[in-house]
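Have a look at this one.
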Amino acid sequence: MTYKIAILGASGYTGAELVRLIAGHPSIEIAALSGNSKAGQSMAQVFPHLRHLDLPILTTIEDMDFDGIDLVFCALPHKTSQEVIAKLPKILKIVDLSADFRLRDPAAYKKWYGNDHAALDLQKEAVYGLTEFYRDDIAAARLVAGTGCNAATAQFALRPLIAAGVIDLDDIIIDLACAVSGAGRSLKENLLHAELSEGAHAYAVGGTHRHLGELDQEFSAIAGRPVEVQFTPHLIPANRGILATVYVKGDAQALHNVLQKQYADEPFIEVLPIGEHPSIRHIRGSNFCHVGVVADRRDGRAIVIAALDNLTKGSSGQALQNANLMLGLPETAGLMMAPLFP
Amino acid sequence: MTYKIAILGASGYTGAELVRLIAGHPSIEIAALSGNSKAGQSMAQVFPHLRHLDLPILTTIEDMDFDGIDLVFCALPHKTSQEVIAKLPKILKIVDLSADFRLRDPAAYKKWYGNDHAALDLQKEAVYGLTEFYRDDIAAARLVAGTGCNAATAQFALRPLIAAGVIDLDDIIIDLACAVSGAGRSLKENLLHAELSEGAHAYAVGGTHRHLGELDQEFSAIAGRPVEVQFTPHLIPANRGILATVYVKGDAQALHNVLQKQYADEPFIEVLPIGEHPSIRHIRGSNFCHVGVVADRRDGRAIVIAALDNLTKGSSGQALQNANLMLGLPETAGLMMAPLFP
Amino acid sequence: MTYKIAILGASGYTGAELVRLIAGHPSIEIAALSGNSKAGQSMAQVFPHLRHLDLPILTTIEDMDFDGIDLVFCALPHKTSQEVIAKLPKILKIVDLSADFRLRDPAAYKKWYGNDHAALDLQKEAVYGLTEFYRDDIAAARLVAGTGCNAATAQFALRPLIAAGVIDLDDIIIDLACAVSGAGRSLKENLLHAELSEGAHAYAVGGTHRHLGELDQEFSAIAGRPVEVQFTPHLIPANRGILATVYVKGDAQALHNVLQKQYADEPFIEVLPIGEHPSIRHIRGSNFCHVGVVADRRDGRAIVIAALDNLTKGSSGQALQNANLMLGLPETAGLMMAPLFP
Amino acid sequence: MTYKIAILGASGYTGAELVRLIAGHPSIEIAALSGNSKAGQSMAQVFPHLRHLDLPILTTIEDMDFDGIDLVFCALPHKTSQEVIAKLPKILKIVDLSADFRLRDPAAYKKWYGNDHAALDLQKEAVYGLTEFYRDDIAAARLVAGTGCNAATAQFALRPLIAAGVIDLDDIIIDLACAVSGAGRSLKENLLHAELSEGAHAYAVGGTHRHLGELDQEFSAIAGRPVEVQFTPHLIPANRGILATVYVKGDAQALHNVLQKQYADEPFIEVLPIGEHPSIRHIRGSNFCHVGVVADRRDGRAIVIAALDNLTKGSSGQALQNANLMLGLPETAGLMMAPLFP
C-alpha cells in the first residue's frame, strides 16, 4: 500500500530534505507541496537538484486539497505552524517540524518563543518526536512535534545517562559545533559565504538558545527534579552536521556501558568503542547518530560526543522516521542510505 | 536473485563510493573487499561513515577468494590495475575504474601514461564504459573500462554535437572546474585544506591532461577525422563535482535541439531549458548529469555547460550502472537517489 | 604631510577594505566615513575586525563635513554614485569605485546599466582607473573611475597582447573563476554559505556581464577596430580572488615576451616564467597580480592566466594606488603588504 | 638601525608567516633562510605568494653563515629545535617557535613529549614567550620560547582570572575550535581538503593535548597550587584562527572587570563589552586577540571566549613581538596590520 503525504513549507531546506528522502521511500508518495512565497513555481525552479523528480507544483496552503492525503509534514516557521495546523482537517496525521508543539508547558513556550500559544488543545495531544524515546506514543499519535536539531543531539548523548543516575546533574556543559543549514534559507549577513567561511563564533551564549526549553523539559522529567544544563552553540563553516561535545562528571566506563546498552538495538544510533569519538563528516546526509565516550585525565570526569546531520536525523529524517511509525510502516523505510563522504 | 561482487581497492574514495551505492542496491551484495595497505582493518576503521554496514574485512588481493563472485569492481591505480586484472579468473566479469583499458591504441596508452601496456589481449576485449553511448556493448562485455571523470563530463556535452555535425571541430575549448576528490585520497601538499581552501588554480594546462587521450580517441572516432580539443581543468575548493564550460562555434538552438533529442529518454541526463545552465551543488552525491546550452552574444557561438559528480556519475555510479547492464539488472537499480543539497 | 580622506559607503566590503589599507598608510588619514543605512554606528559594530582602530563614527553623506578633506573614495552602488558625486564640492579629488564613470560613451552606459547617465559632464573629465595603463592621466585627474574587478583581471592579461598585435582579435575567450566577495555584502540566496559551499556555477553566460562594456571600450580602442571577446564568469566557493583563464590564438613565447617587457618595471604585476601559472591563494589580501603564459598542444594557441584579489588590486587597492598618484604620493605607499597564505 | 635575522625552518607555515610579517617591518631584514628538505630552492618556488620579495635562497642550516646575524627565529619541529639551537653560536639571540623550551620542568617535558630533553642548560635560561605576561624577562632574554597557539589563547582568557582569584580553580573547561594551519604543512589524511571540509571533530580528547603541559605549568604557578583544566580542541574547516570557549564558575561582571583592567593598555588584546564575544573571522591575519565575557543563565557561571590567529598572535606574530623587545625596538613594530576580512 502507498500512503499519500503533503509537505507544507516545501521551499525551505527541511522541506527539500523531506522530498529527497521520500523520493526514495517504497511506500510513500508526495501528493501535494506548498510554498506560499513561491506558489506556482515547480520544485525544479526552487531546488534544481530535484529536477529529475515528477513532483506537484508548489501551491499556497489555502489552495491545497487534502482529500486522500494520509499525513502532512509541516515544515513552517514556529507560530505560523500552530495557526496552520489548527485549521487542518482533524483526520490528518501530522508531523510538525517547527518548535510549536515541543513544549508541554504553555508558560515555557511563551518564555522561550515570546508569544502566547494559539493552539493549546493541540499542544495537549502532541507527542514529543524523539523517536528512540517516544516510540510507542508516536506510533499511536495523530500529531507529533519534531525536536530541535541541537536538542536531539544533546539528548542522544545525555538522556540515558540522566536516567541511569550516572552523572552529576548540576554540572552538565553542552558545547556544540553547528553547520549553517540549521539556520535555514534565511537571508542574513552572518549566513553569507563571505562572512561564515573562515569564521567560527558562538551564538545564543549564556543559556539563551530556545532549544534549552526542550532540554529543561526533558531532562527534568527524566531526573524527577529540575535540571538546567549549560549550552553554547557555535556556527562553523560547514553545511550539515551538529557535533555536541558534552562535559559531565561521572565514570567514563559506566557511561559507556549505559549508552551501549540503551542503543544496542537501535538502527540509527551507533555507539563507538570507548575512547573513540565521532565527526560530522561521517554522518552527513544520513539518519545516523554517532556517539562516543572518552575519559578525562581527571578522575570522575568524562566527555561524551554525539554527531548527527541536522537536516536528516535532526529534522527531516526524524520526521520521516516518525511518519513511518504513525503509518504502520517499518521504522527504517527510506532511511537507511549511507552517509555521503567525502 | 542476488549477485555477489568484490571491490579491489576499497580503501580509496571510489571504493568507498561503490560501497555507499551498493549498500542501497536491491540485488547486489558485497562479498569481498581488498585494500592492500589497510588489509586486516575493518571498513569502519578506514571509513567511519560506513560503520553501520556489515561488511567484509579488508584483505589483500592475494588472499581474496573469488569463488561465487559474479563481478569485480577494480578501483586500483592505473598500471597496477592491468597487472591485477590479468591474473584474475577469466570467468569473472570486471568493471575497471582505472585508466588502463580506456585507450584502444597501445601507442596512445604509452603516450599518455608513460608505460607499455602489459595486458594488450585484455585491452582488445575491453568496452569503453560511457554507458549512454556503449550500452549494448557493455551489456555483452566481460571487461568494461570506466571512463575518466573529466572525460565523461566533456563527452556528455560534446558527443551528440560532434555526431550531428553542428559545431566547428577545430575550435572546441573545454574549461573545467573540478572538485578535489577527483585527485583521490593521496597525500599531496596542494590537496591539503590549508592550501586548497581559498585557492583556485589550473593544472595540466596546455593539453597535457591524460583524459585528453580518451577525448581524442572518442571525438575523432565520431567525427571520422582527427579532433583535438583544448582542455583546461581547474582545481576549486569543493569536494565533489565537475563543471565543464565548453566553448563551441555553432548555433545554440540547433545544439540544444540535438542534445534534447539525444538525451530525451536517458534516466540520468537532464538537459535544461535553453539559456539555463547547471551548478555542481545540484548533482552532488547523485548519478545525474545536468547539461545546459546558452547562446553567446556573438552570432554562431555557444556555451555548453555540463555538471556531474566525479565520484558518482563520473566514476563509481557509472561503474555500477555498467555492472547493472552486465548482470542483466535494471540499469538504474540502486542509482536513483536524489542529490544532496545543501 | 598627511592628507585627509573620506570614504562614502564604508559599510560595504570595498569600504572596509579601503579602511584596512589606509590604516597602514603613512601619509593618509581617515577623516570621515559614511554608511547611510548604518549611520550612527561605529565601524567596530559594522566590522568588528576594525575595532582596534580609532575611526570616525559612520554618518550619512548629508551630514558629512568636507572641509579639510583632500580626496573622497566613493564606494557606493552605481547610479547612486553619479548622483552623489554630482553634488560634491568641485574642489575635491574623487576616486569612484562604482561603474558610473567607466564608460566614455553614454549610449554604452545605458546599454549595460539600463539607465540614462545623470552626470555626463563629470563623465567627460573622468579618467579610467587602470593605473598601469593610465598612470599620467590619473596623476593629473580630479575624478578617477575605478575599473571592474573582472575587467581589470582580463585587461592585465590581454591589453599588451592586443597592443602588440600578437593575437587573433576574433577568437578571445575569457573564462573566470570569481570569489564571492565580488558580489558584495548583499543578501541573496545564492550567496549564502549553504548554497555556495560545494557549489560552482557560471553566471551572466553568453556575453551579458556588465564588465564587458569596459572590455569592449578598452580593447577596441587599443586595437583601433571593434573587439568583442567571449567572457564567462563562474562563482566559486572562495571569498577573495579572480582567476582569469584566457584562450588566445598566438605564439606563447611571443606573448610571454610582450607581457614580460610590458610589466618589467611594474611594482604590482608579476609575470611568471613561461609555462607557470598563478593561483588566487597566492595573491589574497594583496595588491599583486600574477600573470602566466602556457603554450597549448596545438600550435599557435596559448593560454594566459591572470590572478588578483578582487577587493584589493581589483578594487580598493587599485583605488588607493590611484589616490596615491592623485595626491603626489609614492604610488606604492601603503600597498606593499604580502599576500596572506594560507 | 636595521637588524639582520635568520629563519630556520622557513619552508613551513610559521616560517612563511614570519617572512610575511618581517617583509613589512621597518627595522628588520631577512639575511638567511633555511629549509633543509627544500635547500637550494627559492622562496618563490616554495611559497609563490612571496615571489615579489627579494629573499635569500633556502639553504641547509649547516650551510648557513651566522656572521652579522642579530637574531634567529627557529621554526623547526620540537626535538630537532633543541638539537639545532644547542649548536648555534652563543652570541645569537633566539626566538624558538617549537615546544622545546616551554616547559621548565624536564620531567614535564618528557611526560608530554616522550623524549629526554637534550639541552637542559638552555632550558634554564629560556623565558616563556607570552609577551603580555613576561615582557620584562623577554626584553632581557637571549632565548625565548614561543608558546603553543592553543595555550596562548587559553591563557589570554584565564591568566588574569586565576591571578585575581575570581574563578573556581577546580572547574575550568576549555573547549576550542581550531583552524587547520595549526597542524602545519604535514601530509596527513585528515588534513586533506576532501576530509576536513564539511568535517568537524575533536582531537586529543580527555586531556592528552601537549599544550596542557604549558597550561598546567603556568596556571599552577599563578595560583600557587596545582591547577588542572579540562581541554578539548576541535578541528574545524577553516585555515586560520582559534576560538576558545572557556566555562568557569565566577561572576561574569567581576571577570569582565578583571580582564578589562588587565588589558587596558595592551596594544593587541581587545576586551569586548560585556555580553559580546568574538569570531575568528575578525582577527584573521592579524596580531590581535579578542576576548569576551558572557554571563550564563545559571548564577555564578560565566563563559569567556577568546579568539586569535594561530599563525600570527599564536605563533609568528608573537615571535616577532618578542623579537622586537629583545632587539630594543618598539614592541608593535611591523605588527599593527588590520585583520583580513572577508
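For clarity, chains are labelled A, B, C and D in written order, and residue numbers in each chain start from 1.
Here, contacts are C-beta pairs under 8 Å (C-beta built on N, C-alpha and C of every residue); 3 or more make two chains touch, one makes a residue touch a chain.
In UniProt terms the chains read A, B, C, D = N-acetyl-gamma-glutamyl-phosphate reductase.
The structure displayed is predicted, hence computed values, not measured ones.
Shared contact partners of chain B and chain C are A, D. Taking C-D and A-D together, the pair of chains sharing more C-beta contacts is A-D. With centres defined as mean CA coordinates, chain D is found 45 Å away from chain B.
Centre-to-centre separation between chain C and chain D, using Cα means, comes to 36 Å. A separation of 39 Å divides the Cα centre of chain A from that of chain D. Residues of chain B in contact with two or more other chains: 13, 181, 194-198, 237-240, 278-279, 281, 284, 342. Of all residues in chain A, those touching chain D in their complex are 171, 173, 175, 177, 179, 194-202, 205-208, 212, 228, 230, 232, 234, 236-241, 243, 245, 247, 275, 277-281, 284, 294-298, 301, 303, 305, 342. Put simply, chain D touches chain B in their complex at residues 13, 180-181, 185, 187-189, 191-198, 237-239. Across the complex, chain C meets chain D through its residues 13, 16, 19-20, 23-24, 47-53, 181, 197-198, 239-240, 270, 272, 278-279, 281-286, 288, 290, 311, 336-342.
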